[in-house]
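The next part holds the structures, each set out as structure tokens.
You will see two complexes here that share chain A, one where it goes with chain B and one where it goes with chain C.
The block that comes next holds the complex of A and B.
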């Protein structure tokens, strides 16, 4: 298995190598060692490639990922898998702010906790957090599913659009226009599928579903106090 | 019997006709006024500057015979593939959604014929504009609507939008009436709802984060694309310095006359600085860092003529960008639609309800019938003509000042008609060798 040692190889060469390999469609898996919190590791991958990062990363690891599978055997800094289009990103440890921000597709799994603004402006990505998430998570979230096995911080789903939020633990508070909604069979099915894909040991029935009340979709002066 | 003489009825300056009508409108609706365009109030502008021209101490160049260059290269600092333009006038970012597909196509056609670039806007890149723009700048905005790494890679440059002159500190707004299925699909939102674009980016805050964000964008695009940072005219000295620190190749500086698709009137008229006031502080920041001309400065906000272009360049800009003027060249606010403007309660030249999607000229709309009124080929030719005229005008003024390239224009070629303009542009008040704040006085 090819290995890129970031104590020896510059970021540019690492990403160029990975982006080139992803483009071939047939590359063997890569290991990255000694990431030492580097930023923008394995970003912009544009094809099926498996990358394992043995250690923790800085900002924007696996940013804008397409089709690739990136596994971080450590924690990830802010903006992990930001604007991901497809593929899978797994973080064994914790994730900092803005995990999965604006993601359009694919699956992001965080086995530890995620900090504030997890899933901010998400546009179709699925995010499964085994632990807790911080405040203002799923702010202006548009599409996709955010699954939290632990607790959620303040103002969950503020100004939410059509994303689905599933939380097993407590929610400190809901943001503007975010309400608890009925868990219907189709939601249990979605949840079961995501829990299985994320290797999460939980039952769909243990979760509550939150979504948009859709009262703020068109500006109405009578709702001004909500903002 | 003689009638007692009376003074004519006197209107209040404080409570003018416009002010009172706004009070009545607010009282009737309970909501602030939203409109498109930039600041309509009179602010010190390029009209308040004059070129001195040549004289005994300055040789002019022959108008039609001696060469006066207009080319500009943007992105020479770090990008492997800087953008080379024939003229120093670019087309500013305007979204598909706020503009019709035909309008975007027309902008691409006109700009390409004139040898310059266009810019996407909120909502992503359309095939119409990529297909018809030889050089296309891809805006990277807080909403990330339609943001796609494939489009990032097929752009010619990337513009990270921090703010815009019409509303520094404000986000975007595209009201439900313009959200067709195509627009909604590109933005991953339901049809017919108001689409608000965030006022700050979701995954970075401050210049240190921005530096890392730019690193990521460069890594994804193989360090090929010039990275622009667009800021509104708020704190031009510090914003320019921080953008340079964050790694920008190009600074786009947009003054308060710069237009927007839809924002609160109070925001447009009361936040930000006039374009004229922004240029010298930004140039000073670049000079203090030893990077003037290495990091290029593009100025926008109220550019209308070749004189405006030449004056902006003389104050230190490398290029200018036009938005509202480009729309007018396409046909926006054309008096030929006066009857229809009247039906909308307005008149040609004053129409600014671009967010309502009922533009008679077919430019700021998604209505298929209205859109069809704009022929993208004919409108593109009009834009090309207009860009060519502005370029010829700028060359005329540069030659008159003895310059063989428009970039050789300098503040020393200018004087100001007002104290305010003199202070902002830091050029002498006409007939003097002084401006407010000049050292030594």
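The block that comes next holds the complex of A and C.
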């Protein structure tokens, strides 16, 4: 298995090697050692490739991922899997702010906790957090699913569009226009599938679903004199 | 953007290595703040007060020890470190020493039984080398690499800021009500030396402690009374504390082992710390005060 040692190889060379390999069908899985909290590790992968990062990463790990599988055997800094298009990103430890922000697709699994703004403006990505998430998570989230096995912080789903939010634990507070919604059979089905894919030991029935009340979608003429 | 680091040792064996460990952490944070750098280090408590003074003019230190001996009537040991000097002043001579030093045009960066402060404009590696930070031992210390936003790139605008004996503060962020708070503090007789927002934060914490608050209570108070973005790390003679504003945009990460508690803006700064692979690493919660005391 090819190994890239970040104490010997520059970040740019690491990413160029991975990006080159992701373009070929026969690429072997890569190991990255000594990441030492580096920024932008395994970014911009544009095709199928399996990458295992042996340690913790800094800002923007696995950003813009497409089709690749990136597994971080540590914690990730701010903006992990930002704007992911497809593929899978798994973080064994915690993730810092805005994990999975603006993601269009694929699956992001965080086995520890995620901090504030997890899934902000998500556009189709599925995010499964085994632990807790911080405040302002799923702010303006448009599409996709955010599954949280632990608790959610303040203002969950503020100004939410059509993303689905599933939380097993407590929610400190809901943001503007975010409400609890009925869990229908199709939601339990989606949830069961995501929990299985994310290796999460939880039952769909233990979760509550939150979504948009859709009251911010249109201007309300009765509020005109408040401006 | 700025970079902050902090290290609080739980075991004495690591004390000789404090400066070395903090210097590596500081240099790693260079690309978060290349304008200026500074460090406050808490060494052995002195028999008297350690004054850290600064001057851009090396001639200002010529004959300083003799002049102080004449004015104060006691021998004042003076240790020169580049643009700074550390003086050991008997506690009862504090007021007279401040007057004498200010009369000579020297800037007093900090005063304390344990604390020494070194800060200058320039890259963190150069600042560290000029002061010999690597060789400094101690129980705990905090450091800062600055990318200036709220006031000029000057020595006095560099962090840490000390606004009371053995107390200092480093800050990542910007305060939006610092002018208002500066006026409120001035009404209480608490004056700042610069136009810098962080110094107001430091003065606020010092004034609360002077009024009887614990470090924890003073840090809680910042959440109510200071407006803006902040991740603060404070040092006192016996401890160090961390608080982030409720929005918590500014990054922060902490690590704890049996040997130390460490703080940094980014995990990168921890990469060389002993035992970091098995340390408990976590992101401090917003609007939550953390502090450790020995």
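Simple rule for what comes next: the second predicted complex is superposed on the first by the 220 of 227 C-alpha atoms of A that agree within 3 Å, B and C clash if a C-alpha of one lies under 4 Å from a C-alpha of the other, contacts with A are read in each partner's own complex, and residues count from 1 in each chain.
Convention: a residue touches a chain if its C-beta (ideal position, glycine included) is under 8 Å from a C-beta of that chain, and two chains touch if they have at least 3 such contacts.
All of these numbers come straight from a predicted model, not from anything done at the bench.
S.K.: I'd like to know which partner A:58 touches here: chain B for first, chain C for second, both or neither.
M.R.: both
S.K.: With the two structures laid over each other on chain A, which partner does A:96 touch: chain B (first), chain C (second), both, or neither?
M.R.: In the superposition, A:96 contacts chain C only.
S.K.: Looking at A:115 after the superposition, I want to know if it touches chain B, chain C, both of them or none. Which is it: first, second, both, neither?
M.R.: A:115 sits against chain C, while chain B stays out of touch.
S.K.: For A:124, is the partner it touches chain B (first), chain C (second), both, or none of the two (neither)?
M.R.: Touch partner of A:124: chain B, not chain C.
S.K.: With both structures placed on chain A, which of the two partners, chain B or chain C, ends up touching more residues of chain A?
M.R.: B
S.K.: Between chain B (first) and chain C (second), which, if any, makes contact with A:82: first, second, both or neither?
M.R.: First partner only, chain B.
S.K.: A:142 contacts which: chain B (first), chain C (second), both, neither?
M.R.: Once the two structures are laid over each other on A, A:142 reaches chain B alone.
S.K.: Tell me which partner A:219 touches in the superposition: chain B (first), chain C (second), both or neither.
M.R.: Only chain B; A:219 stays clear of chain C.
S.K.: Looking at the overlay, what does A:175 touch: chain B (first), chain C (second), both, or neither?
M.R.: neither
S.K.: Which chain A residues are contacted by chain C in one complex and by chain B in the other?
M.R.: 58-59, 78, 97
S.K.: For chain A, which residues count as touching chain B in their complex?
M.R.: Against chain B, chain A makes touches at 11-12, 15-16, 19, 39-40, 43-44, 46, 58-60, 63-64, 66, 78-79, 82-83, 85, 97-98, 101-102, 104, 117, 120-121, 123-124, 139-140, 142-143, 159, 161-162, 217-219, 221.
S.K.: Quick check on the complex: what are the chain B residues that touch chain A?
M.R.: Counting only chain B, the residues touching chain A are 29-31, 143-144, 147-150, 152, 175-176, 187-190, 192-194, 196, 198, 202-204, 209, 212-213, 215-216, 219-223.
S.K.: For a test of understanding, state which residues of chain A touch chain C in their complex under the given definition.
M.R.: Touching chain C: residues 36-38, 55-59, 75, 77-78, 93-94, 96-97, 115-116, 134-135 of chain A.
S.K.: Quick one: which bits of chain C touch chain A in the complex? Just the residue numbers, please.
M.R.: Residue positions touching the partner: 246, 248-249, 251, 253, 266-271, 277, 281-283, 285-286.
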